[in-house]
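After this come two complexes, each holding chain A, first together with chain B and then together with chain C.
So, the complex of A and B:
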């Protein structure tokens, strides 16, 4: 019997790699740093181009994990150390203090008594939850978790008192697991480019300048506004929304590469603006519209919408005058410099590979030149959309089971 | 068959005990079903609970347990016992305690009915005995010897599998053989790099687990995963062999340049395709075809056929990178040649952007967005286009024009499947094979046959190589699952399969027609020939069969009918209507669970039966329910249509169609058409559930009670 295969990262790529391996018949261990599986995609309201909910495919995948005896998963866990060579690695997995254990039934009694609030990571900090919380409705594993930094622990203990299931242990301490593994897959995913670095695009200067991942949460029924698209500044419905493409990407001062997903994402978001408010106008300033393969149909669908304007030209600057937002852009078609007022601006920020400390990274932080038999899966390797990530994740599963 | 010894276990935690009278529930159902053990526990999921059940199984010889607790979507491993033990979960938490009024007569009736339904079901099902084809093969057949097929073969062989590679030409390599160089994949992304195909062919030839057949075609493929019977032909000579699964890597063809009349391909030999240009480069002989001279002014026209509703409506993905690469050849070879690229958008995702960026610094390369109007051929070539940059009609004099041809998939009918439902893979759009292409790109409608590379979607070489690995993994997974007698995705691991009671079959062909996966073949007289290893266990054939002869051991006409009959329907004077809800277990059922989690309240008159797909609902259950006195039936499934979400492709669409037949049944019974309703619900639309259920109850109340009640 070979040792199990270790998959690092429980986003859609890691989940897929792990399940595909297990369904061949091999043992897999999946490690995720957050308290739940699903990574970035579980925060999406809809996928392009079908405009369908990611929960749909994830539920099938969670079912595949639930019912497969060959998959073990650890959430709130990270890799502390990796050693060894191809085919024979040793890994030390660090588990954060498990203050809520598997006795939790998700009954919710604890939430009512918890006196502390924390910024909700699931909604990119756009709203708050209690310090003890269920990450979201389809959370897998389906149990509550405690934000260690927010919780007052023994000084409070109110949750412990109401829990009927002996599920909460505020004095829990971190633990480690040593594991011998036969293959190592890095499905460590991505982070949105830090919009704070885009000062010229006004991020942080006006609450109505947001990023694409934040926009996604504003359209989700389980988002901070219950699915209502509202201007963060005053809670009103936006009438003029501008999308700024390549906010950071294709820019030597920021990310030299193209993030591959932001054009399609903004098309999806523009349709959402129109769906939420048929009176509203959406404008997309772009350099090239990179909507590949069959997604061309999706681009054509957007072009048919009279309320959406696609303007070739890079939005180079955003100015704020009297608390109003103006997007300054070059319009290639007219040759003019446009100064357009917007009541909501969405910056299409790109994909940055998540930092992986234990190994040497490749081009611009992507794991594209791994040594020592290590395998990369999905956006850890290069920017790609969900469909391409899953293709890559499945190919990574094959690499992982090779002799 | 041994008699069933059943234990009932009720959890009173998570508000179940506060919501209903558990003792009354136990007494009520015990009287009717005589279980051998009845136990209640405050938190059944904690160690003592499963231990208690395990102990009873051992001590009291139980072979079935009915657990009234949370949804079956939680604690699967907690409540899984020996494989021989039938386990049925009754959802008293999400569907009762979390969504109904506590301590209410109607809530109590709901809980009792749900327990009865669970008991009725467990008494009418058996654990599946897996179907495994005789002596299943684990060898993988790869069709196509281009870069995708070669990569699939090498990667599969490295995982320890025997590979049979079939190529119709007399050499391996496919289109890649004509390549001069490839787009750079490594920093600094500036110079085209050596093509990879030659080293891949050597690697393939050095692997003794790969058996290549050149100049060979597929005459016929019959059988099923684990046992595909493949008939090959090589110059008239036939060979047969057996394979477990298949990777279809038959590649692509360029779009026919003759169809692009405005680009005058036919009118001048100096207007060539990018394939022809690449071949000239590879031959070390780039020249103007008509004169044999060095080109001085070369125009590349992007999207030749692609992104064009009159030709190929999609983007072919590879052409932008290819033209940039080919432009670079020219700039490198000819120090004075000007190169123009006329594009709609330059699409260079990821690090290709860095190659593009590098080329933007080339002084002799002119990139412009525009639409080519026509090419005038009179001595030289005049390319007229509307430039977006200069906002006017522009003419470029060229001595060579290169058309960046779109990509069309090869014909999957080359598989020559001897299937009732056709020779190839069913198509979704534009001749590319069907799947849930976002979440499950390798899901195939012909189980065990996975398309890879450009046969699946337009893509370039690195993508094709990744894709080949993915498709090969799925093929390997299929042979392994088939060997274990298990279904592949989406019901991975399921060992149940449809069994047909052939004596009563009327050869109506509904099962063969409606199976989304082409599982059934047919005799000449139309009798179905099942191929269980092709089956994905959705139950659509069970739903289709008018003679009710198709059943799974653990999901059958009888098991659902028994659940329906287990419900106690109050007489019409009690004014308590009963609604039967058939709920898709993939999306709608989890949505009901989430509604419970959110403590959304809905009518306690509804009784939920989860089904594998709403396409698996048999008409007889509708008449059973109406005869039983149910007042309305609601079927809740996934969205059909172009962007379908149904996990079994057209299960929900079929249900809509069958609904028309059901209306006839209602008419015959002199019942109102409102008594049956179909709703499509997305998994995250849990907030709509109270309205869907309550509005339907109201609608039925207006229609009035079912006159068959109590008859």
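So, the complex of A and C:
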């Protein structure tokens, strides 16, 4: 019996790779650092271009994971060490203290008594949860989790008292698992580019300047506003939304590469603005609309909407005067320097590969030149959208089982 | 419209500016971050496109390159490292050469090989004038440049030469004016030319636009010092000429005019020193410096430095001062008589361009 295959990262790429490997008959171990599977994708409200919710497909995937005895998954776990050579690796997996065990039924009694709040990672810090929380409605595994940094532990213990299932153990300690694996797949994914570095685009200077991933949460029914698109500053419905493409991407001073998905994402967001408020206007300032393949039909659909304006010209500067936001760009088609007022500005920040320290990185931190038989999958390799990630994840599975 | 791409011009521009201008992706970020770019037909994005396409005719006659003060904001924020500021600087050089009358003078002055001629020729002519005047009187007690090179002869010969310069300038301005009208017809003219001109002068003497630069602040201060130092010295020189004719000469050290002259020296010296220092030690921000910049800057610097040498020689009765006096005159010639053919010509074109922008009603 050969050793299992280790897939690092429980986002859409990692999940797909693991399922594909398991469904052709191999043992697979899936490791995810967060308390839930689904990665970035599960935070999206809808996919482009079909505008269907990721929950739908992920639910099927979670079922496949649950029903397949060949998949073992660890959430709240990271890889501490990797050694060995091609075909015969040893991995040390670190499991964070499992303060809520699998007895949890997600009844929610603990939440009511928990006195501490934490920033909600799932909503990019736009709202708060209690220190003991369910990551989101469809969290898989479906159980509560405790934010170790926020929880007061034994000093409080109120949750332990109300739990009827003996599910909470605040004195739990981290553990490790040593594992011999035959293949290693890095599906470590991405992080949005840190908008604080985009000082010239005013991020942090006005609450109505947000990023595209934040926008995604604002439109989601399980987001901080319950799916209402509102200006963070005053809670009003925005009438005039501007999307700033290439906020950091295609820029030597930030990310020198194209992040591949932001154009299509902003088109989707512009439609969302119109859907939420048919009176509203959406403007997209772009360098090039890099909408490829079947997404071109999607672009044409967006173009038909009279409330959406696509303007060629990079919005390179945002000025705040009297608490109003002005986006400055050159409208290249007409040759005018525009200064446009906006209620809400969405910075289309790009994809930064999640840092993987133990192995040699390739271009700009992407794992595109892996040695030692390591395999990369999805956005860890290069920026790609979900459908491309799925194809790439399947390819990675095929590579992994052949090693 | 018909365009003729000039491949040689693209190569020349790339060589001179050291900017990878073909890398430009036409995003317009440069236009956006530029504090000086106008609303209608802003720069430098369009110039970058013309440059990549080799549209020499459009570029050398483009007035917008003269609205740029090369503060470098566009280069700092350029997502592709294309350095539009350096490209525009190179274009201004091309524009000076293009509008120079006679044009061969502009071309020659941009060749490093011509430099010895540009210095030896004035030297020879000055010596010739001195020989013809027969006044080479190097009197030591006291040192008096007036006996060495009588002011009447100096003023008349340099005055006539400067007249030629002025004629050249007038023709240059005429050609530039035609280009301005072609680029941006003044159909929306709302202001009189005179008023626009005064506004331009006000803008220039206060450095109001220049002051908006963010990336290289020192440039504004240095230029401000040099500008005002030069203006003060112009008045001092004018007064000195009048003084020779009407009042006492040499002007004594305590005279307010003399004091003003010395202050002006300090301003010029400080400003130019900063400029040279930054161009050598802060290349990244100061931008690319080519022969055309260096020759003007260094000759100007030497001209400034030789001034106090003459002054000291006069007050200490040092006979070596006469040699320095000749050197000083050669440098004066280079800066003043060759004005329309060196980087100094920027003051003509920029003033006219800024005035025209207002006159034509362009927003």
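Here is the rule we use: the second predicted complex is superposed on the first by the 402 of 403 C-alpha atoms of A that agree within 3 Å, B and C clash if a C-alpha of one lies under 4 Å from a C-alpha of the other, contacts with A are read in each partner's own complex, and residues count from 1 in each chain.
Quick note on the criterion: contacts are C-beta pairs under 8 Å (C-beta built on N, C-alpha and C of every residue); 3 or more make two chains touch, one makes a residue touch a chain.
For clarity, every value in this text was computed on a predicted model and none was experimentally measured.
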Touched partner set for A:278, first chain B, second chain C, both or neither: neither
First (chain B), second (chain C), both or neither touched by A:235: neither
Which of chain B and chain C A:337 touches, first, second, both or neither: second
Partner chain(s) touched by A:250 [first = chain B, second = chain C, both, neither]: both
Comparison of chain B and chain C by chain A residues contacted: B
Partner chain(s) touched by A:388 [first = chain B, second = chain C, both, neither]: first
Partner chain in contact with A:315 - chain B first, chain C second, else both or neither: second
Overlap of the chain B and chain C footprints on chain A, listed as residue numbers: 250, 252, 288, 332, 335
Chain A partner contacts - residues on chain B that touch it in the complex: 13-15, 42-43, 45-46, 70, 73-74, 76-77, 155-156, 158-160, 186-187, 307, 309, 313-315, 317, 345-354, 357, 369, 388-389, 391, 429-430, 432, 436-442, 457-459, 463, 466-474, 476-477, 480-481, 484, 488-490, 492-493, 586-587, 590, 594, 597-598, 638-639, 643, 645, 647, 682-687
Footprint of chain A on chain C - complex, ascending: 25-29, 31-33, 37-42, 45-46, 77-81
Residues of chain A defined as touching chain B within the complex: 19-20, 23-25, 45, 47, 49-57, 59-61, 63-64, 66-69, 103, 105-107, 134, 137-138, 142, 164-165, 220-222, 250, 252, 256-260, 288-297, 300, 312, 332-335, 363-364, 369, 382-384, 386-388, 390-399, 401-403
Of all residues in chain A, those that touch chain C in their complex: 200, 246, 250-254, 287-288, 313-317, 328-330, 332, 335-337
